[in-house]
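Okay, so subunit A shows up in both of these, paired with subunit B first and subunit C after.
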Partner chain A sequence: MTRRPGAWQTLLWLGPSLILILGVVIYPVFALVRASWSRYSITGVYEGAVGLSNYVRLLQQDALPRVVVNTLVWVTMVVGVTIVISLAFAQLLDASFPGRRVVRWFVIVPWAASLIMTSKLFVWIYDYYFGILNHVLTTLHVIAEPVDWLGNDATVMGAMIAVGVFVSLPFTSYVFLAGLQAIPGDVYEAARIDGASAWRTYVAVTLPLLAPALVVATVLNLIYVFNSFPIVWTLNDRNPGFGHDTMITYMYKIAFKSALRDIGLAAALGVVNVALILVAVVGYLRTVRWREADA
Partner chain B sequence: MVAGLFVAPYLVMMLDAVKPAGELRATPPRLWPGRWQLQNFLEVVGDETFQAGLRASLVIALVSTALALAAAIPAAYWTARQRFRGRSAFLFLVLVTQMFSPTALVVGLYREFFELDLVNTYTALILTNAAFNLAFAVWILRAFFASIPRDIEEAAEVDGCGRVGTLVRIVLPLSLPALVTAAIFAFIAAWNEYIVALTLMTDPARKPLTVGITSYVTAYVQHWNLMFAASVIAIVPVVILFALIERYLVGGLTAGSVK
Partner chain C sequence: MRRHLTILGLLGAAVLVWAGCERSSAPKDTAGGGGSAVKSIKVVIADYSKDHTKPFWQALSDDYTKRTGVKVELQVVDWNSIDQQVTTMIQNNQPPDVLNLNSFSSYAKDGLLYAADEVLSAKTRDDFLPSFAQGGEFRGKQYGFPILASARAFFYNKTLFAKAGIAEPPRTWNDFVKTAQKIRALGGGTIGYALPLGPEEAQAEWEIWMWNNGGDWKSGEQWTINGDRNVQTLQFLADLANRHRVTQINPGKTNRTDGAFQLFKDGKVGMVIGFSPLAAQLDKEGTVEYGVTAMPTNIDAPVTLGVEDYLMAFKKTGNQGAVKQFLDLYYEPDNITRWITAEGFLPVTKSGVDRMSGNAKLRPYLDALPKARLAPTTDPVWDKVKLDVQQTIGLAVQPGGNPKRVLDDLQKRAEAAAAERR
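Take a look at the complex of A and B:
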């Protein structure tokens, strides 16, 4: 079993995976880069190379600064709030109480459900006239009169972030829960013997031991939330222009939806997006010190 | 209970799914249906859009799952059992594909399938889902294969089983839990996939459920109750499947870096 296999044999066993990855993940990267320096007709016919002009035009788009700011707000708020709530929530899930199994099943529902269906559901919940949210909040006198959550420039980003957090909590809480359960019980016992308070124990013992899980959850969430499409796409549906778009939905609208229908311009933005994700991936692999041996 | 917050929106979905259309237009809105109209589900199931969506979703999810497993099994087995040059490069490549969602690459994917004349085909979505769900299957299977004692396999080899025979007759039957986990995950991910389907499938007869369902509520028609009924049918089975593999998810998604 220890003799080294021949290269052709390895290629045979890895072949199907390699074909899939090269054909459907790596090739589209090249297609994307190539498209970013090409021009296409509105029906998709190649009309020749245009050098870097798509990138130049991208920088000239009036909507770009707004979209970049939106992306920063969207990613930092969703990830930040998700991490804080999940830390508390994982603690709760880790405690033993009757019905814990049921609670864990409840928690995974937003994770398992189709994001587009959840997004549509929230469009309805946020509805100005018929939505349950306005009804509940006005009945409880939290707000004096109904709010048009998704039509008002001041509230639409917050409304989208709330849904983003809602669907990110299950995965994040589960990562923290796995981290908590990996902490041996005697550490807590030692802290108790030393007379540490519950809060002190959490800050001085639990959090440092949870650091690896924290890094993993943060970076994976950064990538997931940056890449997130259905929530912003659906909840921001009614608003014209690009005032509440992220770099992902903006790219999509340029390519397929707006009057622009400009594959080359969208591809230039797509290359920027891919580059940003690559930076996050490399950062992730460095911080978790990924080695194939323990992967 | 805090946990109730996770399901509360979906309760709204379920209750609205069984209301007559008029009750969704009541102000102030009422949570509880005044009249339970369970026919909404029958209407959806009998609807052509829904049937086409269900067919597309099932075909795409099932075939892409089979394809992802067929590619992942030999790769996971080989990397779990053999040391060879390029092994870490291969695993690195798998990890990177897991980090990239089709979303970021959608323009590139569109160009590729446009050039291959595969727009509006199940094939394009099957290939995309299989490729992007491959990584999870590789991690789950690799970890499981590695935990199977080599003695068993060596005994099989002594008895004259080749490598493929050992894998098929000894290793795979022992790995049923990992195979089920990987299959369920790949199935759900493909079932829920949205952006590539939205981009490539413009023919209404070939749109999977995630895309097709939105046609119940457009600028012209507002069948929220039917859309929610269709959503309930699409969501409930995958939540149950997801619950079955819940405890393996974190390991597969973080590639063992949490513990």
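Take a look at the complex of A and C:
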């Protein structure tokens, strides 16, 4: 008595999720693209279509090269450092020691806290006059004079990257921990019988078998970190101009916080951002040959 | 992999085609009073304080609904995001009926607003203090209705002044520099003057100093941002930071609320420009003994900044009567005075001045109010100049900054914006 469901029935079951996808994924993309070739007055009144001129004007912005470089540094540093530290972290969490459960819970905390709250907290940690970081570092004689971490052009980016890494660690560590636990014990046994050293075992056995987890962690972090707004916005809000902005905060400033006050131009940058992250992710998956890593 | 790419490409193409086919949004509604009366109005108010703003406007809305039967959709929005939210509302053709903001002229220029005589009774209009009524005019008609006002004043730390043996707050710029140096000489990280030229409120800090050196934003219809007096003023501020070293570190990268005010509240700072909400916080904490006085000036008489915030009414079909009733209710002397008093701001109506002049705490600000000057909010170009100043002027007082070049650039962009607007 089994029969294949008709098209209508299929649609009925799929309907709700299709509507959801249309509403929260497809429509915003469509609205963004449309806004990117429109002109709006400073108040938000639509003034007509202008074709690709917003894209041309975007390329003419003096601040753009600086912002692109900032974005590259921000994304590669945060993702790179996060992955290296998380690999070590996952190894630690995978080892059995008393209190492991408690430690595992604690690692989740930065992940559970809101990004704005964490960023505000770090603003005070970094503060020149009240911050605990300067207090600790001067007491330990690591630095002779306090440093204005968020006001000094040389240290702002580093300070933001540190926070970016801090909030990315929990997720990444857990992805690696899951990957480690999926590796069967007998391959380690084989390595031990062959007399491989601990380091050799790690490089030749653990890392290759962690490849799927590595790929997943890298791709998701690339997207999260590139799109991250609260950290850069909160830690950089005292600095005038666009010297430490990423493409995401720059987009917001173009729309609402700079003399440009231009939604169309910001939308054009929004489209570029989406395209860029798509290209980056697809490019990355190609180079690591996702299929084989998956197998 | 390849198949995924193909699907992605097709999806992208579909979105582009769809976007291209879509007709531009429906024509704007500019009919105004016509059509049947609305059943509800949307009121957007900026959040002045957690304790008073929402409770007052909620009560006013309830009262209004009881009287008229028209519902109120009240939104109290944080200052940091109000520009963004209002722009988004208008972009989506869902403007508020009544809006509270610190600017109005761009909205008037875009033809979105009712004029005062369309939505305010004669009694309400006649009660406005004339300078604030003028501060809401665009091309000779009033579109911005004063909701409240504030005035900046010069705050000094009495304890630090006594320690440094300073008897009187400084009256001239020369005295000011000497005073700041004496306070810095106390050592222990004391700061002579906290100068916030970071993006939050740089334009306010700047214009107070600018006016006290005889400079201005505009002369008639011409922008004069890079006038000689202004270059001199900005150089003076840069010297405070880099030559005399009497300011906090990186004044071009210090915001007002969590920077300059925080340092003053902590007792580290000799002098700062503040306003009545800062006084309220200081009184509440009770740790800093402070005095409030007029600005030190480089001209004959001290000038301070008055800030006028606005209410405005958006033209939408059938909302004129409802909006008028709402605004007239707010401007009833009991209502407006109750709120302005609670928030610690200054009156904008003649009846309000009569009722509040007995308040000793408001004395210094009320005294300053007649001589206070307003930012050029009646010019729509100001809405861009303000943001531009916020994002650039701090760079001029950083080590190696170039005040003249920063002001020249600001002037150039202001002129370009003015030309574009004609």
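Here is the rule we go by: the second predicted complex is superposed on the first by the 276 of 295 C-alpha atoms of A that agree within 3 Å, B and C clash if a C-alpha of one lies under 4 Å from a C-alpha of the other, contacts with A are read in each partner's own complex, and residues count from 1 in each chain.
As a working rule, a contact is a pair of C-beta atoms (placed from the backbone, for glycine too) under 8 Å apart; a residue touches a chain by one contact, two chains touch by 3 or more.
Because the structure is a prediction, the values reported are computed rather than measured.
S.K.: Just from the overlay, do subunit B and subunit C fit on subunit A, or is there a clash?
M.R.: After superposition on subunit A, subunit B vs subunit C: clash.
S.K.: Between subunit B (first) and subunit C (second), which, if any, makes contact with A:Gly44: first, second, both or neither?
M.R.: both
S.K.: Tell me the contact category for A:Trp149 with respect to subunit B and subunit C: first, second, both or neither.
M.R.: neither
S.K.: For A:Tyr128 in the superposed arrangement: first (subunit B), second (subunit C), both or neither?
M.R.: Only subunit C; A:Tyr128 stays clear of subunit B.
S.K.: Looking at A:Val29, would you say it contacts subunit B, subunit C, both, or neither? Reply first, second, both or neither.
M.R.: both
S.K.: Looking at A:Tyr55, would you say it contacts subunit B, subunit C, both, or neither? Reply first, second, both or neither.
M.R.: In the superposed model, A:Tyr55 contacts neither subunit B nor subunit C.
S.K.: So in the superposed three-chain picture, is A:Ala255 touching just subunit B, just subunit C, both, or none of them (first/second/both/neither)?
M.R.: both
S.K.: If we overlay the two complexes on their shared chain A, which of subunit B and subunit C does A:Trp74 touch? Say first, second, both or neither.
M.R.: After superposition on chain A, A:Trp74 lies in contact with neither partner.
S.K.: Quick check for you: in the superposed arrangement, does A:Pro240 touch first (subunit B), second (subunit C), both or neither?
M.R.: Touch status of A:Pro240: second partner only.
S.K.: In this superposition, which partner touches a larger number of subunit A residues, subunit B or subunit C?
M.R.: B
S.K.: Quick one: classify A:Arg286 as touching subunit B (first), subunit C (second), both or neither.
M.R.: In the superposition, A:Arg286 touches subunit C alone.
S.K.: In the superposed arrangement, what residues of subunit A touch both subunit B and subunit C?
M.R.: Common interface on subunit A, subunit B vs subunit C: 29-30, 33-35, 44, 129-130, 255-256, 263, 285, 290-291.
S.K.: Using the touch rule from the top, collect the residues of subunit B that touch subunit A in their complex.
M.R.: 1-4, 6-7, 9-10, 12-13, 16, 24-29, 31, 67-68, 70-72, 74-75, 77-79, 81-88, 90-97, 99-101, 103-112, 114-115, 127-128, 130-132, 134, 138-139, 142, 150, 154, 188, 191-192, 194-195, 199, 209-211, 213-214, 217, 224, 227-228, 231, 234-235, 238-239, 241-243, 246, 249-251, 253-259
S.K.: Spell out the part of subunit C that touches subunit A in their complex, as residue ranges.
M.R.: Subunit C residues touching subunit A: 1, 5, 8, 15-16, 18-19, 22, 24-25, 28, 83-84, 86-91, 106-107, 110, 112, 189, 197-200, 202, 248-250, 252-255, 258-259, 262-263, 266, 268, 380, 383-385, 387-388, 390-395, 413, 417.
S.K.: Which subunit A residues qualify as touching subunit C in the complex?
M.R.: Going through subunit A, the ones touching subunit C are 26, 29-30, 33-35, 38, 40-46, 48-49, 123, 128-130, 148, 150-152, 237-242, 253, 255-259, 261, 263, 278, 282, 285-286, 290-291.
S.K.: Over in the complex, which subunit A residues touch subunit B? Could you list them?
M.R.: Within the complex, subunit A contacts subunit B at residues 1-2, 4-5, 7, 10, 12-21, 23-25, 27-35, 44, 89, 92, 102-118, 120-122, 124-125, 129-132, 135, 139, 166, 169-171, 174-175, 177-179, 182, 212-213, 216, 220, 223-224, 227-230, 248, 251-252, 255-256, 263, 266-267, 270, 273-274, 277, 280-281, 284-285, 288, 290-292, 294-295.
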